[in-house]
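One chain, chain A, appears in both complexes that follow, with chain B as partner in the first and chain C in the second.
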Partner chain A sequence: MRLPGTTRGPKVHGLMTRRYEDDLRLFGSGKAKLGLLALVLLYVFIPFFLTSDFWLSVLDYAGIAAIGALGLNLLTGFTGQVSLGHAFFIGLGAYACAQFGGPDELGLPLPVWLFCATLFGALVGALIGPFALRLRGNYLAIVTLGLIFLGEHLFRNLKDITGGNSGTNVDSEASFLGLDFADLSFAGENFSFNQGYFWLIWGLVALVTLLVKNLVRTRPGRALQAVRDRDVAAEVIGVQLGRYKVGAFAISSGLAALAGALFGSYQQFVSPDEFGLVLSIQYIAIIIVGGVGTVFGSIIGALVLGGLPGLIDKYSDSIPGVSTGSGDSGFISVFSLNQAIFGLLIVLFLVFEPRGLAAVWLRVKAYFKAWPFSY
Partner chain B sequence: MSEFLQLLFNGTALGARYALVALGFVIIYRATGVINFAQGGLLALGAYLAYALNDTAALPFALAVVGAVLLSGVIGAATERVVLRRMVGQPVFAVVMVTIGMLFILEQTITSIWGFEALNLGDPWGVQTVRAGDVVLATRDLWTIGLAALVLAAFFAFFRFSKLGVAMRATAFDQEAALAQGISARRVFAVSWGISGGLACLAGVTLAAGPAALSPGIGAIALIAFPAMIVGGLDSPGGAVLGGLIIGITQAMTTGYQDDFFPWAGSNFAAVMPYVVMVLILLVRPYGLFGTKEVRRI
Partner chain C sequence: MTGTVEPMEAAHHERPGPSEPSLLEVQDLGLRFGGVKALDGVTFDVRRGELFAVIGPNGAGKTSIFNCLNGVYRPQRGSITLEGADLLRKGPAEIAGLGVSRTFQNLGLFENLSVVDNLMLGRHHLMRTGFLAGMAWWGRAKGEEVHHRESVERVIELLELEPFRTQPAGKLPYGVQKRLELGRAIAMEPKLLLLDEPVAGMNLEESEDMARYILDVRDRLNLAMILVEHQMALVMDLADRVMAMDFGVPITVGTPEQVQSDQRVVDAYLGAAS
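Up next is the complex of A and B:
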């Protein structure tokens, strides 16, 4: 199965990779390194001058979405395995966070519960992986859809662990080496919950991006892309299908669980309603809008779509036709508008720009690279 | 025994609805190779159209249903022409996602026109029942089974004997060869989506009739018809009907007997039972009961 990632469509001229060594680079060269430095500076200083809780929480949610989307893009974008079950693994991570980190449960420290939640997600993902060996394309999509419903059933019925329908508190300690991200203070300055979590979440986004980028540029990454482009052919040239398909499921689910653990500890409360089909679709929308089969597309997509619900909610008063309260005369509610926009973005991007914002960015870059002779 | 018969009847009525939806999936899949996730949206839209024709335009119920079925068919064909035609040759993933996107748009269109409140479809069946021994048969369920059987028989006759039906089967079998014979693939695609839209509307009406009431949530039944389609095999119309009945009856039996046999499975286990059945069957037969095994070349 081919995906609108790297194998088709018009040639994008922004990618002027001439040598194999350039293709293998982890950090790009010259200007790209400067750009990276700018991003690091932004990461360090954003919480100092952006103190509005609203904007910080938008960025925090976007960062969590970016981690989950990186996982989904690895599975769907790079390995070509369609999964509608991503939300299940996000939920798994959130409940695992409550279990491993909660003071009444195991009460492990921050790095340990993050690691345990990730590992737990990866193990469950590895159990689901073998289905991908037997089922392909549409059949796999519908089995992973079943995962959502079975998962939701489990979340609602394992009341001792998940708190059933009413959900559970997640009060895992977010402190590490004397730094409590929930109530950060150093060098005599105090920072709010949102500021602390910004550093925690986006630090992990950077780490995960590095891991995924490193994975896809090396031998296993090329094997995954060979599986995506045609799995039988990949097997013939010596790619062990079982190992790579199950591996992709495990890593992707692990990253989803990591995102879920952060989600749970950031919200401090989770309930089964949050991990339904809609969440899976949101993650798929993120990678489609960002760019299927690209690493930085996942992050752009998460920034655009992760921030969207919050923005619509905040500015719903000034959007015509949107009703904010029960007595309001608008024809569409904020929730409906969000859903409709997700649906519309998926359809429009797939029909008109199947390579996503990542391709738009490369085109813009190429235009300015050749400016003013842009032909 | 009477409890068993009662559950069997309920399951058959439920299965008939699944069969209608699953047959819609299969017809589109055979013609175009697309799994249409928007079927649930079309189903809800069809039921709302019947409501609008009956309640707002004051047509008699039977006429309103026929009108809604025709309108849904036109909407289905239009969807194919406007959106799906552009996706020809795109990867499976992209096409599936487009239909999911359409599902979201359809659902929100429905709620912004008709709101979230449950409406009364205005059907003549209401809550009437017929007694047969100890078994209580709801009139709407009898009508559902009868209508579904009639429609299914009509479709199998259509595929077997009519020129267009044979053309559709030829296109499903080998698109290029069919084109070479002068069959218009566009017409086949449009008719497939049209038929599927009509079937969805009929399923929606039978689902919203009587005590169930009409609410935007009825589209969710399409998510349970997926297992029905997969169990039967993606490209087998007969399999879709059988799959629908298997899933419907299993679900009804689970509702009835869960407390006696496996209470540990948690409340409302019947809702996820179709997926359990599907996974078990797929583990044994990865292409469903009657699906064609895909031949893969390098």
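Up next is the complex of A and C:
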């Protein structure tokens, strides 16, 4: 059968000629273009104005978290597959970074080790995916939880690669086209490690955001959302469930590994304790707070929560009842306070705003569109 | 099967003659769920361009037939062939690719996606963009999006969905959701369209609108349809042939007049009503 054409030539709606290409532009309207320009300016100039190492490190961690959260949101938010195993793939990426980029190991250049770590995560995801994704809902959550324990076991015992319990240095080169992000000097100016990494990390956030945004607005991304909304109907219209679930898992794992590689390279040291269940739950909190099933929400969530552990650590002295070190008697440790806050945020958002800050933002925007005529 | 933009003359609908080869052949279908026989010895054929109706009281097995045709259920016995291809060996996604599309009795829309995205998903099996091409956007993905968006726009015009383009499907009024599901099914450009109780739960006005859209679709697109209904009125107006079912077994197949006056059909309906 063929769909009939009801009009000839370009579609005319009222007086306007409509071109679908214009509908499909990411930054179509003037306002969107202004917004994009503002973001670019922020990206370029933040490190000039915000030179505090502490605040730059908060933003650097937030950027790393944004990349990981984009991956988890693709799998959980867009495809409806709940995974507790995200930290496992973050860990894989961190150790892969040391292996691919370390000068005593393969010593590959920055773009190559970033790419190899991502690909490695995606391949492991593609291998595990078919087993994990036979299950749905809670069973899937439990199986992916198993990945965390498997990962911790491997990270502790493959001592040659991971350094075992005591961890390993990650000293991969972070230079590209003559720009060493770890020790950046450009046009006669010298920049700190944190300034350089801000540009590196947030540049990658922009790239990954663009890729994920394109994915979710084209055929494969629509198929993922169809699987999430109604899997039987998706199959009946021709979406191969297995293919798309595994694809989402592989891309999600790849992005987790990319975040992990940046994490390792930024900290220059990683140990198995960092890739436990707590990290997975932090990522779940990020996408719930930001907005499940939105690209934008992954980034807001990461900005709000990605730097939180650092902030709590810094200001724990001034929070009453928090013990900060040995011998200091307190009601709760910094580590437990962290966990409690993430847990509380998950509960509060699920109860009061399950669509996250992205939905709050849309409401605020709608309000100001009508402003000053809003009542 | 490609979404070309050329206009097509509205084909005048003629009742297909019995000499034409069948599009779909179903032979001796048997489906059991534990002790429950959902289908038993179901045999029928559907000709090209034909509107074939299946009627029967609730629980007669009408939806189960669709689920077998789609590959959602695996019948234990029988055969189903579409243009000679054995559908029982194929999965739902593959069957969609062969030209079978369907609406669901209890709606099967993608609720969080817009009307346009739901219709674009109908085009999924006609498109090729994979994960990497989609992420890259420039190149194949963009061209395909524009091209298929045009086909989707024609479905929107045909079913008068213009006011709803960007609204999420789950937020639409019930009658519009039913219409959108019909739209998604025809966006697939099927050879065989399966409609499962398209007017269930609608008031009289909505039912009449839907009947008009179904007739429009039949007249404009040259495709065969199977219409499942448990109310007889709609079927008697629209169908070329009717099969009546009861307890998973076909009672009779014939023209609407023949079936309507068949005493066994009347008994089945009275039996179900009492």
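The definition used in the following text is that the second predicted complex is superposed on the first by the 339 of 375 C-alpha atoms of A that agree within 3 Å, B and C clash if a C-alpha of one lies under 4 Å from a C-alpha of the other, contacts with A are read in each partner's own complex, and residues count from 1 in each chain.
Please note the rule applied: a contact is a pair of C-beta atoms (placed from the backbone, for glycine too) under 8 Å apart; a residue touches a chain by one contact, two chains touch by 3 or more.
All figures in this text were calculated on a predicted structure; none of them were measured in a lab.
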Contacts of A:T51 with chain B and chain C, given as first, second, both or neither: neither
First, second, both or neither for A:S185, with chain B first and chain C second: neither
Superposed model, chain A: greater residue contact from chain B or chain C: B
Partner chain in contact with A:A233 - chain B first, chain C second, else both or neither: both
Partner chain(s) touched by A:Y139 [first = chain B, second = chain C, both, neither]: first
Contacts of A:Q339 with chain B and chain C, given as first, second, both or neither: first
Chain B versus chain C as contact partner of A:R219, first or second or both or neither: second
Chain B versus chain C as contact partner of A:T76, first or second or both or neither: first
Touched partner set for A:L211, first chain B, second chain C, both or neither: second
Those residues of chain A which chain B touches in one complex and chain C touches in the other: 1-4, 230, 232-233, 236
Residue ranges of chain C touching chain A (in the complex, touch as defined): 3-8, 10, 70, 72, 91-93, 96-97, 99, 101-102, 104, 108-113, 117, 120-122, 124-125, 127-131, 133-137, 141-142, 144-146, 149-151, 153-155, 157-158, 184, 186-191, 220-223
In the complex with chain A, residue positions of chain B that touch it: 29, 35, 83, 86-87, 90-94, 96-98, 100-105, 107-109, 111-113, 223, 226-227, 230, 234, 265-269, 271-272, 275-276, 278-279, 282-283, 286-287, 294, 296-298
Touching residues on chain A, where the partner in the complex is chain C: 1-8, 11, 20-21, 23-24, 211-212, 214-215, 218-223, 225-226, 228-230, 232-241, 247, 251, 293
Chain A - residues contacting chain B, complex: 1-4, 76, 80, 82, 131, 134-139, 141-143, 145-146, 149-150, 153-154, 156-158, 230, 232-233, 236, 277, 281, 284-285, 288, 292, 331-333, 336-337, 339-340, 342-347, 350-351, 354
